[in-house]
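Each of the next two complexes has chain A plus one other chain: chain B in the first, chain C in the second.
Our next item is the complex of A and B:
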């Protein structure tokens, strides 16, 4: 592995040593079709607007990038690299590998750099140690997707509080409908539920402390999260054979009207609509309030661009970051991605109620969590999600699971 | 003659045969039928749980279009040919020579060498994953078609040698001795006598190796990382979306990927079946 990386680095060494002034090297992990198209578009647009800059763009495989970024940041950094907000960027910030870009956020003379106003809601997830370390360009909302027609047929209105939510589940269950569908075969879906329960029960700061390893998993506050979870798991409000299904397969009961809700990201809308659901019978609502008075933080995994601290062409890199933060650019990128722009002055595709609802919710959010597997380190996240799935299948093992997770925490965050 | 032809069996057996043959055929073909049906569907049907029913839309052509436009499928297919054909030629050429040598020359280590070739077939290739990856990397062939071809040639030569050696061994020795008496050089014997006689075996072997290598998935994923050298079997996974497993596109792509070996099989059917039994019965 090491050798592979070294050869990769050497390869890039050769590429980048041929670069000259006015060349902007951008590394991204956008190997999937839509993100690739989005970057093709913005790089072309950037070059048109800045004819003095030539962009050299390296696309890495999405999975492989997680390994390669550690190396190229150290040895042969590009001028711009894409990455993720929140705790995911923490190791690079701590190691001094990302450049402080607070000046862009503070509007200190950069054209169009008035970010503190336009992206205030996303500032927290870009801030470490009081400074900002990158520019977010896309995210998407998480929340509850539900069957409007099933709600209406059973006389349920959109739940705003936890009690309403549990009552709605009880009504649906009594009517023979699975209240919440979920497919936990690949584990991560359970983390969406956990994150929201924790964000609503204990708030954003506690959730960050937990994923940063500052709080034990046996903490009473974590127990309180599982108490809430119990209220859904023990009466059987989740789809019964969830451990056997992928998230995608768990859409089927919802399409067929056998299940009413899904705690999911906005990417679930496309396949649901393709399977025949319409705006008239598919809806979205914000995850309901649990502890009154806690500011509503949302789950919104954010993609970001950064300048490596060892970049050669930082001037043009900053121009690119400012370009990426512009309302019109974010609007275009996110039209291609089908996701949400962070800049408040961007609009979304007209006539998409889900994007509109998401935009509205996130623009007013207190803070953004990045999803458990991005906020917590990989090893903790994988054990954590295994634990969540086990708990959902056997809620009685909760204590044992939490003790096990606590042991993992002590090992991981040494 | 074994097995006894069915029409010579008791009448009861014939009926049992006639009943169970179609049933087992259907069971065997269900997965393929499923793939064919899925390749016609859209994603909507799959999400709605309509896996086996009548497709609500006929989307085969749009799926095909997506397969070829969303991903470098043509490049993957070319890569597959670039891996498969040199491997086939290399392995068969080498094994003709090793087979000839092992079948005709008596030397001390003959049997041992032959057993080494055979033993190579019994090494589960998963065990070799890490050493082979390291080796190709150190030679500088990691992530190249050449590296994949060389490895395949090396690994397939074991089986091919067993096959060719047994076939050549069964040829009448008199032919070779007569040629020697007439003063033909060893190479001439190999080229003018052995090779023409082993043509059916070579044809059978080519078909076998072609299908083996074309269908290889494991080594393609171990030794190849980028689109530039990825064969089609491993390239199919790029048909998936960022979030979604695109079962309909995967099915269509799999059918596309299966076409060359199927054509090869039908063209060379006679040799293929001969090939499966050739090595087994002689020796």
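Our next item is the complex of A and C:
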């Protein structure tokens, strides 16, 4: 018995002795094919450039990670972990589990020049309480994906203004085509529509005030957003039964030519192309202007890397974060991911019209929203998205829903 | 006596109390684990319901605040109401299971195969059943779509409509639950005393009369079990809701068990205190019901012993 215990202790000793200085433990949620490949590339390249560091990489299941990170940040902290920007990182920052990395953002003179300059447009979403808490490495655009052939067949050109957009919907509806497809079973797709309607009707500042809880949901400006939404919901321009469909299931009508548009993130392009659409019949346009003169802000959810405050090897972790922010590294990983680099000096994969359009749009964006469920705190986001879904099924309940959301707001942002 | 027996002095404390103690020794492992994993968490959970806690930051004592919020929460009432619907309509599993059991309780060629086919839904996972029924209900291309078209409800989606979603899930839940009740009744029917039926027949009882007065009373234990498992199944109906609608559309098919999960553990949740408050309410409801049944069981057993 004693021997067993001793050998167990020895084994444990061997295991734990592998984590001496020079080992960098990285936890990621990159279980999907492309993100996994991207991180394989990053780690290999980082080890090549830093032969003194050995990386130990733990891949978690994408969904399970949201639960695991809450445990491992406390009990078994890695040196680097990936997460999301905006309010999504607030619980961890508030609990003191993420390390303040403002020095990386401030320090100029390292590898690739001043970070704050190259990533100025993303700095806001990494800032809480005047400090930066991580490094963004990829994002993607949101907008309207549409069937070019259906537009041409019905004599519609890409709408630039709200009136054009509503008119296009009316034409499509009259032709027996569902103007906008959406699958709201998992709620978040409705938030994409709400965010854009609010960003375009009231602008970025108001949208942030709302998601930060500074404005009541019963505010006339919020009513104005729903007035615009009414113009789409009441005539039935959205897909019927959207509450029963996931976002992927709602792609089917678009592939079949029964629906013409989808307010979505760029990740929808891959499944649409797999289902048979080509660059010739699938297009992208920026969500049209609603209130003239309001600067165009866009939706661009950002993925980030952070250093847990209980990390053992913070020196190498910082080296890794700096490495991740470099233009050449971001360029390569985003080529693998099929997404957009944050660093302004990176270029994107050639020959992909969607990425090109996205990069062009985001580089000229006035500001970037992270998406409703990342900008607003979790409880508000979940109630809000439920409300949006209910509104889209029952537009006459608008007042009741907004009053309920206002009640939630007063509780959440005490 | 003892004085005459020299061995009597050597009886140890252990030997004296052996019979009293040994059952407790045998029970000990079960009791210890039961108290660690079942009893203690109940009290811890009730304790957490008085706090505001996100699972990360330090918890803040808020007294009855979570319960007060619960009383003002529309979704809580919707969930409670849906739980009631579950309790009522899930009970259909008992008579349907009984009917099928009587139908299958005959001796013909291949009846074993047929019986096992009827058991089948009980054996497959709830997740699989939930998924398959979701596909059945799919508007336009689901199995029931032609039927819906026929009655003029073209493109109607059962799970996307706030009025029908809960019933759609209950219906899917009935599928394995009927099989469960069927098994209980089939074993019950095996133990029926044929002499009593024979005697009943001689006295002129037949058909429904015979079934109601002679067969059913003998199935009392099976009925009791079937009702208990069905009520518990209805109250903890979590998996079907999670798979089929996630409580949607907009919370209208939620039940307390899933609402608790949503508030405490889902992606947008981490309100441990609020979730625990919901759990406490659910626990109280179950406790009333369980105490009532334990009391009835106790009374029945006493009657049986007399």
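Note that in this section the second predicted complex is superposed on the first by the 379 of 414 C-alpha atoms of A that agree within 3 Å, B and C clash if a C-alpha of one lies under 4 Å from a C-alpha of the other, contacts with A are read in each partner's own complex, and residues count from 1 in each chain.
The definition used in the following text is that a contact is a pair of C-beta atoms (placed from the backbone, for glycine too) under 8 Å apart; a residue touches a chain by one contact, two chains touch by 3 or more.
Here the structure is a predicted model, which is why all the values come from computation and not from measurement.
Colleague: In the superposed arrangement, which partner chain does A:276 touch: chain B (first), chain C (second), both, or neither?
Modeller: The answer is first: A:276 touches chain B but not chain C.
Colleague: Touch check for A:373: first (chain B), second (chain C), both, or neither?
Modeller: Touch status of A:373: second partner only.
Colleague: One more residue to check, A:174. First (chain B), second (chain C), both or neither?
Modeller: After superposition on chain A, A:174 lies in contact with neither partner.
Colleague: Would you please give the residues of chain A that touch chain B in one complex and also touch chain C in the other complex?
Modeller: Shared contact residues on chain A (touching chain B in one complex, chain C in the other): none at all.
Colleague: Once bound in the complex, which stretches of chain A touch chain B?
Modeller: Checking each residue of chain A against chain B gives 3-4, 7, 32-35, 61, 64, 246, 248, 251-252, 255-256, 265, 267, 270-272, 274-276.
Colleague: Show which residues of chain B lie in contact with chain A when the two form their complex.
Modeller: Touching chain A from chain B are residues 42-49, 70, 134, 137-138, 142, 225-226, 241-245.
Colleague: Help me check something: in the complex, which residues belonging to chain C touch chain A?
Modeller: These residues of chain C touch chain A: 54-57, 69, 72, 74, 137-139, 155-157, 159-160, 162, 245-246, 248-251, 262, 265-271.
Colleague: Sort out for me which residues of chain A touch chain C in the complex.
Modeller: Residue list for chain A touching chain C: 66-67, 70, 73-74, 91-92, 94-95, 97, 185-187, 240-245, 373, 378-379, 381-382, 386-387, 389-390, 393, 404, 407, 411.
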